[in-house]
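The chains carry the letters A, B, C, D and E, assigned in the order they are written, with residues numbered from 1 in each.
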Amino acid sequence: MPSPFILDRTSVTQIMAWVLAALVPAIATYVWLFGPGILVTLSIATLTAVGAEAAMLKARGYPLRPFLVDLSAIVTAWLLALSLPSLAPWWLIVTGTLFAIVVAKHLYGGLGQNIFNPAMVGYAVLIVSFPVQMTHWAAPLELTSTHLTLAQSSAVIFGGDVPMATVDAVTMATPLDSLRTGLLRQLTVDEVMTEPIFGRFGGTGFEWLAAAFALGGLLLWALRIISWHVPLTFLAGVWLTAGFLHFYDPGRFGPPWFHLFAPSVMLGAFFIATDPVTGATTPRGKLIFGLGAGFLTLVIRTWGGFPDGVAFAILLMNLAVPLIDQYTQPPVYGGSTRKAKEPAA
Amino acid sequence: MTRELHTFKGGVHPPEHKAESSGRPIHAAPLPRKLVFPLRQHIGNAAKPIVEVGDHVKKGQMIAAAEGAISAAVHASSSGTVTAIEPQPVPHVSGLPDLCIMIETDGRDEWIDHAPLDYRTMAPAELRGKLRDMGLAGLGGAVFPTGVKLDPGATQHCPTLIINGGECEPWITCDDVLMRHRADEILQGVAVMRHLMGSTEILVGIEDNKPEAIAAMRAAAAALDFPVEVVAVPTLYPSGGAKQMTEILTGKQVPSGKRSTDIGLQVFNVGTAYAVARAVHHGEPLISRLVTVTGHVLRPQNFEVLIGTPMQTLISLAGERDGTTGVLMGGPMMGMPVPDLEAPVVKATNCLLVQSRELFPPLPKALPCIRCTRCADACPAELQPQELFRFAKAGDFGRAQEYHLFDCIECGCCSYVCPSHIPLVDFYRYAKSEIWAHEKDKRAADLARERHEFRQFRQDREKKEKAEKLAAKAQAARAQAAQDQVRRAELATEPAPAPAAAAPADPDAKKALIAAALARAQAKKPDAAPKNVDDLPPAQRRQIDEIETRRAKIRELARQPLESEEKNT
Amino acid sequence: MLAAILVMVLIGVVTGLVLGWSAIRFKVEGNPLAEKIDAILPQTQCGQCGFPGCRPYAEAIAKGEADINRCPPGGEEGVKKLADLLGIEPKSLDEAHGTPKPKSVAFIDEQVCIGCTLCIQACPVDAISGAAKQLHTVVASECTGCELCVAPCPVDCISMVPIAEDLPHWKWKHPVIELKRVA
Amino acid sequence: MMTMSEFRSLFHNGLIKQNTGLVQLLGLCPLLAISNNVVNALSLGLATTMVMAASSGAVSSVRNFVPNEIRIPVFVLIIAALVTVIDLSMNAFVHPLYLVLGIFIPLITTNCIVLARADAFAAKNHPLHSVVDAVAMGLGLTLVLIVLGAIRELAGKGTLLSGIDLVFGEAAKGWVLHVLPNYRGFLLAILPPGAFLALGMLIAANNWNKARVARRVRHAVPAAA
Amino acid sequence: MTPQLQAALKNAARTATVLFVFATIGTALLAFTHDRTEPTIARGQLAAKRALLGQVLPAALYDNDLLTAEQSVPPDDLLGTRQPSSLWLARRQGQFSGAALEAVAPDGYGGDINLLIGIDAAGRITGVRVTAHHETPGLGDYIERAKSAWIDQFSGRSLTNPEPKDWRVAKDGGAFDARAGATITPRAVVKAVKSALDYFARHRAAFAAAPPSVKEKKA
């Protein structure tokens, strides 16, 4: 075994564990704002993901140990679960997770080989195939009189065909959905935004969730697990595009802060677009990747067929990664006539 | 005055482990009974032996001469008798033996006549040749022949001379200790280098984790009649890399694919400067060097070691311990495992690092690359190691080269930080050596094509010439015959000579010659033939049969070579 | 209806004229494909493919008259490169033309050699030196290992010696990462 | 004219070894667009087969009169004419189905598999062989289309043969098989991405099977020797 | 003239002749097929159109040939049209008995939803069909008759049944069902159908008074 003979301590497992840890504030906020249903969703997704991962590893002839303890399957499961509506039926969660692990991850070659972010593939498959069930968002607790306990949430999730009325009573359109619907009813943005779901700046409850995602993201950045490039440019992409549109016609396009704090953007910017496997690797590439994903998110939100665009935007940018990487190769040492850098001392 | 320091991109900071061996004074290693001198101790052509088995040599006597432009001589490091010139274990990662000169020492340690050189009056080229003949090569690790590097190029002027005391690899302290104890002599060597390079600015870069060395060098520099700036640089691996040290001190990057003299500077290791001083001021060729012996030994320290000393001797000297799992030559980042401790200390041996399970736990199993780009962040050559890895692994060497594989300095930073624990550097070494092999094959193929085409051209020409000759001969014969007839008619009484008698004998004669030779060979054969056919294992016999059938086929082909071509046209 | 037929016919006639004319005017001379194929072939000139040398084989491949799997010295890797160049499926080597062997060079046993020059005439790359009735020697660096000199030798003094791995020839191996369980 | 083994090898080539959908990956545009149920798939497959058989026969018959320079224009002309004939006929006689298949009937002209077989096979072989080859190739494509259609229809809607009334009239409505009653529906399978996914899986399965067979052959050889 | 040019011209003449022959044969084949299938195709297309109209206007309602009773009407806000659209007047024994009209619901989730609406002389809806739309598959496309019977709930409705204020989806307090998760699509359709009824009411008198056009035929 040739050199080097020593290693830094960081391992893949550690990185993944930190990502999971960084999601904890968001999960706590989720429980506080929308009730404990998310815990059921997370458990279902985790169990499915681990089971599917184990089965696929076995089928492909890989040893279970190093790959199961790398925690990557659980990260995928959590990211998917946090993107799903909190009262999505159990089979929806299972289908999405299976698709993410089996098709998006393992059929593409497993850890490190997948082109698309598995969690987002799972999400995209679900939103395309089951658009109705993908609207079962629990109403924020401060806007509803019906509080679901853990048991009740489980009942809804496992209940199979719960009468629509029951679901209708505890679910609510998300702010993005409401904005979309309102605009289609020829209302102006200001008129739509008087609805209670819009809250202070990013939608009642949702804004805190977004903040919690951002907090976790900052933790990852502080630990040097993610670099600033992708999150910052992603947010900038969303902000600039939304700002431009809003400036152009405030009546037809939502304000930029609203788009920024619809929680999927924070989740996407800090946890999904930063997925190293499917993201750009060069510094300039990361900037383009983030900016492009932010821009596409807004384009899809505004003109696309679905209310949110983060997942599709990231998947589209995933597709462009090889191209981006190829054309943004940084100069090598001594490869360009750079000026001497500023003195360090 | 503090100098403006610059930073290079990337780098890592592994645990230093310098204190273990840097505290003790330099200890001279005893004269071993046997010395081994590999002929390939430097970059470039192997040296060519100029002694024979049985010769008696003195200490400092040249035993192998430099061969070609980039090469360095090899000298006996003590007096004794040449016992063998044969392949022996050498410190090489392959574990393959290489040609060495073996000397049994006589214990007298008797020097050859030697005297200091008056370098100021010598022509530069002559001095460089002298250094080459004294076997000087870079002692920092790359072992590039020093004489070649001491050429400022066409401009005859290299403004900046950098003396590299970075020694950034963990564990190694031989340069540190050398600077602490022999700063004066290092600077004497620097004076020679300055003279040859025509430098005006001399910078000595030393990592700031070696304050004693910095102090010693500064004190020695103060006494000189020319300015030498000793600069403390931040401790960060690989700041001791020549390019990295250059950038830290000057902010300049050596352009990719160019030499440092192209931007007016040259870098030498402190050990090399010391060796130059010994060579010039004492007339001593490179026959010894400092070697750090550290790690899992009882007394980690630095030895002054005669080149050619078996490594095992040094480890015993430092105190071998139980639980040794291996020995590295060099540091933990760029060193290589020593396959056989009978291998000698060579010019490149700066450190022997003895491993144990505690100091060097087995590396965890590698996982797939997750493209986290920590390697790219750590790479001091500013490459994209994850892409190079992908291409090297897939055997796409062309793309690897496009991504500047050959700018990789194999420092190991990428492997060090890789969270998937992939032996990245191994992949780059593999890719590089494959590319070299491919290029070699390609050159061989081109040569073969050229030679083949030339041969065909020659054959065509010969055929044509032969045909012409035959035609001429036939014509001559016809003319002769006609003349003969005329003559016969005229001189019917004279008997006609037989003109054609000699001609047909020509091919027959050749055949006869071959037959005769064949017969001679058959007579000789009894001792040659049996080794081909008798007592062969069935597999080999089958192989022979195979060859026979193919030969038959080829013979057949040769008999009707044009058939297939005729069909085509 | 008539208009349709007229239009079609007109288009047909015009394109026919243009195509027929350009086919003659813009004909490309030479065969650049054979050059490219020849560059891939190992140039051992061994004739195992059934052609008298690498170049004729390359031309035959370019014309589609010979399969790409007839060159054992090129090995599977060579077949793959040819397949890539020609845009066809790689196939395994045709064993009728021999199997790949470790690279070797010819070695003449000088005890036995009678200096008949037959091997010199057989060598496709002039890698054997020596004159009539003198000992012959193989210039190892120029020998392609084609074995063509082995057959003509009347005293069987030529043997093929595999090139041993020594330091200058040593290569780093592909690092082994054991991800999969060994089947 | 044609031996049984020739016939068999042509069919083996068309259905398995050089299957257009799974191995050559030619003519994927209609393959992906029209395979959302069995009936559409079968109809388009048969239409393509018909065009291929007719065009291969025609091309093969005239192959000796067509100069090399204009062989492509002539072949395209033949194929385009035949496709238009089929297009008009379908419009006239199975109008509802024609409406569903729509643009993909005229697009058969540009389906590269038709031209590929015309140029690669029919232009060099006897008409009889060419027609058999075209039919085999067409059936290979049809087979893949049907399997793809069945997978997508089953996964997407839980039925088989839905829309058969478009071919056989109202009476055929009862023939639709509701394989999975009360199936919730997996929309992705019906949508265009579903076609890519399903085809990908089919190709993977085919390759896996090939690799398995190859492995078995490899293992079998030393045992036999 | 160089020999090469001569060869080129000769070759050109040859290829042109061959292409000429094939073009002639191919076009002739097409002409023949076209001739043979033209009437069938025309019949088929008319039949298809008639069948569609038949889905929104029951055959018992009229005895004229609807296809010949087609009129073009200018764009109208109530119809949601931005281009002239078609209108078919049904008569029984010469008396105005109903109309089928094209309408557009412009505010669907995915843009325009094209509708064909049948209304009898009394202003009651006899049938509604969606002829084109871009609603989300699986979410808003249940308005297609082929996907669900949802669209049938309009049959028999009129401006007074239910009351104008109840011409909304149930979620907004009206009389029409809508499925959970997709309220924009049904809202748009309900609104468009009501507008079409308004349009019909406004023009009913004119429809009744309009004489049969000259080309109109009895069924």
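The rule is simple: a residue touches a chain if its C-beta (ideal position, glycine included) is under 8 Å from a C-beta of that chain, and two chains touch if they have at least 3 such contacts.
The shown structure was predicted, so the numbers you read here are calculated from the model rather than taken from an experiment.
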{"item": "Intersection of the contact lists for chain B and chain D", "value": "A, C"}
{"item": "Most distant chain from chain B by Cα centroid", "value": "E"}
{"item": "Centroid-based (C-alpha) most distant chain relative to chain C", "value": "E"}
{"item": "Chain pair whose interface holds the most contacting C-beta pairs", "value": "A-B"}
{"item": "CA centroid of chain A to CA centroid of chain B, Å", "value": "53"}
{"item": "Centroid spacing, where centroids are CA-atom means, of chain B and chain E in whole angstrom", "value": "84"}
{"item": "Distance from chain E to chain D - Cα centre to Cα centre, in angstrom", "value": "33"}
{"item": "For chain A paired with chain C, centre-to-centre distance based on mean C-alpha positions, whole Å", "value": "55"}
{"item": "Chain D residues counted as touching two or more neighbouring chains", "value": "67, 69-70, 73, 77, 185, 187, 191"}
{"item": "Where chain A touches two or more other chains at once, by residue number", "value": "129-131"}
{"item": "Sequence positions of chain B contacting 2 or more other chains", "value": "365, 367-368, 423, 426, 429"}
{"item": "List of chain B residues in touch with chain A within their complex", "value": "2, 4-9, 12, 14-15, 93, 170, 234, 243, 250-256, 258, 328, 330, 332-337, 355, 360, 363-365, 367-374, 376, 380-384, 386-387, 403-404, 407, 410, 412, 415-421, 423, 425-426, 429"}
{"item": "Contact set on chain D toward chain A in their complex", "value": "184-189, 191, 193, 197, 200, 204"}
{"item": "Contact set on chain E toward chain D in their complex", "value": "11, 14-15, 18-19, 22-23, 26-27, 29-30, 33-34, 37, 40-41, 44-45, 47-48, 137-138"}
{"item": "Complex contacts: residues of chain C adjacent to chain E", "value": "1, 4-5, 8-9, 11-21, 23-25"}
{"item": "Residue numbers on chain E that touch chain C, as the complex places them", "value": "4, 7-9, 11-20, 22-24, 26-28, 30-31, 35"}
